[in-house]
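Okay, so subunit A shows up in both of these, paired with subunit B first and subunit C after.
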Partner chain A sequence: MEDQYSPEYGPSWPDRRVERLLGALVVFVVGLLLALIAVVIVRAWPSFAHNGPAWFGPGGSVEDQLNAISLSAATGSHYIYTFHAWPLIWSTILITGGAVLLALFAALFVSVFIVEFAPGWLANVLQPVVRFLASVPSVIYGLIGVVVLVPFIGNHLVSEEQKASVAGVISLTGYSLLAAVTVLTVMIAPLMVSIFSDGLRAVKPGWLEGSLALGVNRWRTVWKIGVRSARPAIVAGTVLALARAIGEAVMLAMISGSVAFAPNPADGLIFIYEPSRPLAPTIVKNIDQLSSPPFNATLFSIAAVLLFAAATASLAGHLARRAMRKYGAA
Partner chain B sequence: MELLRTPPPIRRLPLPDPEPATEVMAPAGAGFSAARRSIGAPQFSIRRMEVDGVSISYGGKRAVRDVSLPIRQGEVLALIGPSGCGKTTLLRSLNRLTELTATARLEGSIRLDDVDVTLIEPTLLRRRVTMVFQQPNPFPMSVFDNVAYVLREQGSRRARRRTLEPAVHSALQRAGLFDEVKDNLRHPALKLSGGQQQRLCIARALAAEPEVLLLDEPCSALDPQSTQVIEDLIVKLRDDVAVVIVTHNLQQAYRIADHVAFMYLGDLVEYGGATALFGSPREQRTREYVSGAFG
Partner chain C sequence: MEASISTAVAAGHSGAAAPPPPGKHGAAVEGSATWRLGDRIGLAICWGLGLLFCAIAVAVALYLFVQGITYLKPAMLTTPAASGFSQSESGGFSDALIGTLMVATLGIVLALPVGIAIAVWLVEYGRPAALARVAESTIEAIAGIPSIVLALFGTVIFSSSALAFLSRSNEGVVFGKSFFAAGAMLSLVALPLIVASVREGLNSIPRHVREASYAVGKTKAATTRRILLPACRPQVATGAVLGLGRIIGDTAIIVVLLGATQNFGPVEGAPFPLDYLRGVGTTLTNFVYEASPTGNLNQPQKAYAAAFVLLIMILILNAIVDLIHRRSRKVGTWSS
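Now for the complex of A and B:
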């Protein structure tokens, strides 16, 4: 057989060919990614071009604007692109920001507990459980939110007076910011715990021992040496969770209330019971309109904003990690 | 039993000036070419710690058996012996680092200034009896922050850099590192050379103002030149702190130690002055080990 390895002719599959193959694969993947970005931007362009910076601003009802865009395509005479996405952007900021913040603190303490304080058998149980939780499909979290959390909030947490006080504006049914943030937190926290605890476990034992040997107690040692050295992993986990939260569509479409409304914290604590709809679920909800050109451009403009947000988070995380690695932390 | 939570006043005992140095030749036939560095040892030394009938076991496996030793300020005590003889375990028990291993059990008593160490709160004990490890383990921070770390953790309030500076500089000076790093105090400690890293770890330990300094094979990861610098440093330090060093390097023990304890399979075989132990060992096993028959 000709292809077989023989010392005279050298290996039939030389390194150089492998290198070329891998290089071609990398070029292919990068090319796909660039093509994806280009398609999204080109498709989104009409919407941004017509609205300008006002795309990101407030003004009018988002639902009315979406209806007008849809109607303009049906009549076919003159496409309307007017779209002011502020309520959706604000909802995205509140829900993902709240969830990432809550999950960051929760995950930090849980991972420190698992890695540094839990007895071995407990850590051995918790670790696979956390990894499993991180991989549960989000639609399951959404179902549990709809069946358990939303009715609980609607029936027990929101008082009748509160419902009455906003009756003319919005109805408080339990589909709310609170439900969305809670379920999203539960969804992304295991992912963060998983990455944080890998980071904490990678901290050199000599550093922790060195600190203990200087008479610094265990908690301070874990905090000042362990968590500090694991900061790059903490940033990486937070960015990954943030990207997942920004892009989460199905689960949030199920429980955020799916109303383009901007809850206002200035109204008092009632705003956490108010419904809203982030950017990603807006795409899911209106996916049937994709065939109309102006609506298509509007949905792709939302996608472009999501893509840009995720890329910014990723870049910021990269820069932060590089700054933290200056002193040689893990 | 009441724990001592407030630190007793640190007994920093001044020692009289050492005798003028006289060069003593290495004992013939023992194979030691290096001259002793610790010549001119202080005539006065003060007993600070007392190891009394200590046995240590890990989950039923005996690592140290019935060891009794004095540890004195003003001298360097070297623990020597082949690998696995329990010398590092004994060293770690002196500031209760063995307790970090859940299965470790200690019998007998270790006293610091006549107070049993189990009565001293561990964090307080570890500040008075600090340790430097075999592998240099500077924290992933700047040089300054490494030394300031223990000072910041001791202070109740967050101290300003300027107020910490004198203490940090003096610790670096005592460790003989200041001149090399004085312009780079903000540089990452992990960028220093191995020998510098180890001296930084010694500076870090000294910043805690310890009374006893434990060194666990501090030179085994270093080149000969860095080793020499650190040996000089250890000999200089012994006036201010009691120094205990674990080493598997017999020449090193001979060069720097005033007293040497030879351990074998968990037993303390022989304890004595360095010249006596290396020159005319009493025990057969010591003689064999010192002359390189085993280990």
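Now for the complex of A and C:
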């Protein structure tokens, strides 16, 4: 197994040793990921084991449950784990779902515009604009949301009657689904645009020319041929944006309202003005409780759900991309 | 008419080789006047959304510039935060500024070598193939992990007694929050970007370059170190700068793993750089979060000022990426 070169004459870094060293590093990083998954599951286990499937269900007030959990650690006699996270899950679904759908719509049109229809000067402006929007830290979006968007919604969009109609249940101050979805859309759409437009540029020109030669106009050609064959890139971009949206904690902690409330679309359009709090911001808001064992398990159980959701999204994206590979591009 | 349309569009499509750059069609492009109404509405939506993107970017940048220039005082950059009731008494955010630089340095110093090594292994070695597939999915998975989950994982790792030397410990209880902890977890945030960028660079080097190097008796390791890595220096730099941007912009890991204080909290008794690195601190993102109206400090004017400084940093990083791209394009690509 020793290297075939003697140290005096051979290279100081023989190939085999380098390969092993790099391989070991790769194994270490793979192991780190496995350790992360294991740690999160093990830490989360008490909470899941205690609640069972009810963890995901509704029941009681989340705030009261969190208080009880933190109190039980303070008294120390016996830990309480009861936690029904449905309002948080529902808020996550509404906010990320809404933002991803809106961003998907906007990003598709904008990337088609950049690649096909924008005049040269505008495309040259849009590309740095997209890159800029994608690189602004989320906390800055959060700050702008808090000081501009939230007061605007609270003072101008929500009418006094609407505020009065839900006065006993929740107060409408502008911290709302609408604010959260808007800012999250602005955050994730640029990510999508940059991946989508790479995909659209990679479409084989011959396919588009074929369609044009048949007399199909440019608009239809782009959508029927370009966008369709760029579908793997569209799936990839959407999944990446979805993962980012699910995991976004700080910005949403700032503007989503920080009340574990489940806005009900059945109440009419007013639900978009109602505050809520998704899963990830719940961790940030309660991070100072991390040292109490039952609360630790609860926070890790939320993290486990986030991890699972992100993993499911990327796995689904992977499978979808594989199924679409026959369409060619990307 | 039809023929001129297709050639014009084809010229646009056939990529960088054709004289007009992609996206720019010749003058003889089919107008939208002959399209059906639905298609024309679609094009209008395209224009609307495209202009909306520009408007949002201009609004964000202008708003922060105006607020930043209004509220940013040079003294804020040099005075640490202090406890005080009004915004004029509570000092600046020099600790946050230095903290950002520290975290960025630590994160990139960890992420860059590891990222390059993984990319080199994936492209140049990649055996056994099963491990290569697993490694690839691992990198992809790390890119998808929410940073708040990474942060919680960090609290477990760095409060283990084996890693007590990386943070403050008190009677056997390891605090687990320090610049080391935050930097290490942030390096995982930057890692996928670096790996992706360096891989792209290595993949773009044609085989014959490697073969030429082997032919003169270089080992694979020497080829990688002397030929391949220098050749993809632009991609390494791009990956590093993109990673830096993500590190600087991350808040969740900082809030959880850096102690959520407003000042440095060096560990007593440790030698100079280590006492700060093992201690807690703050960064600009954390400062903006805390100083925003929803945070504990509620000093929006300083939040603006810090956000402005942060934005300037991000803009500088963006400009560096641009510069690298333009430079590397000027140097040209490999001919095969």
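To be clear about the criterion, the second predicted complex is superposed on the first by the 307 of 330 C-alpha atoms of A that agree within 3 Å, B and C clash if a C-alpha of one lies under 4 Å from a C-alpha of the other, contacts with A are read in each partner's own complex, and residues count from 1 in each chain.
Here is the rule we use: contacts are C-beta pairs under 8 Å (C-beta built on N, C-alpha and C of every residue); 3 or more make two chains touch, one makes a residue touch a chain.
Only a predicted model underlies this, so the values are computations on that prediction, with no experimental measurement involved.
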Based on the superposed arrangement, let me know which partner A:137 touches: subunit B (first), subunit C (second), both, or neither? second
Is A:14 in contact with subunit B, with subunit C, with both, or with neither (first, second, both, neither)? second
Who does A:25 touch here: subunit B (first), subunit C (second), both, or neither? second
According to the contact criterion defined above, which of subunit B and subunit C contacts more residues of subunit A? C
When the two structures are overlaid on chain A, which partner does A:129 contact: first (subunit B), second (subunit C), both, or neither? second
For A:80, using the defined touch cut-off, is the partner it touches subunit B, subunit C, both, or neither? Pick first, second, both or neither. neither
On the A-aligned overlay, A:229 touches which partner chain: subunit B = first, subunit C = second, or both, or neither? first
Between subunit B (first) and subunit C (second), which does A:215 come into contact with in this model arrangement: first, second, both, or neither? both
For subunit A, which residues belong to both interfaces, subunit B and subunit C? 209, 212-213, 215, 217, 220
Over in the complex, which subunit A residues touch subunit B? Could you list them? 204, 206-207, 209-217, 220, 224-225, 228-229, 326-330
Touching subunit A in the complex: which residues of subunit C? 2, 5-6, 9-10, 13-15, 21-24, 29-30, 32, 34-35, 39, 42-43, 45-47, 49-50, 52-54, 56-57, 60-61, 63-64, 114, 117-118, 120-122, 125, 127, 131, 134-135, 138-150, 152-153, 155-157, 188, 191, 219-222, 224-225, 245, 248-252, 255-256, 260, 285, 288-289, 292-294, 300, 303-304, 307, 310-311, 314-315, 317-318, 321-322
In the complex of these two chains, what residues of subunit B are touching subunit A? 95, 97, 100, 122-128, 130-131, 133, 135, 137-142, 149-150, 153, 188-191, 201, 204-205, 208
Please name which positions on subunit A make contact with subunit C in the complex. 11, 13-15, 18-19, 22-23, 25-27, 29-30, 32-33, 35-36, 39-40, 43, 106, 109-110, 112-120, 122-123, 125-126, 128-133, 135-144, 146-148, 186, 189-190, 193, 201, 205, 208-209, 212-213, 215, 217-220, 223, 239-240, 243, 246-250, 253-255, 258, 280, 283-284, 287-288, 290, 299-300, 303, 306-307, 310-311, 313-314
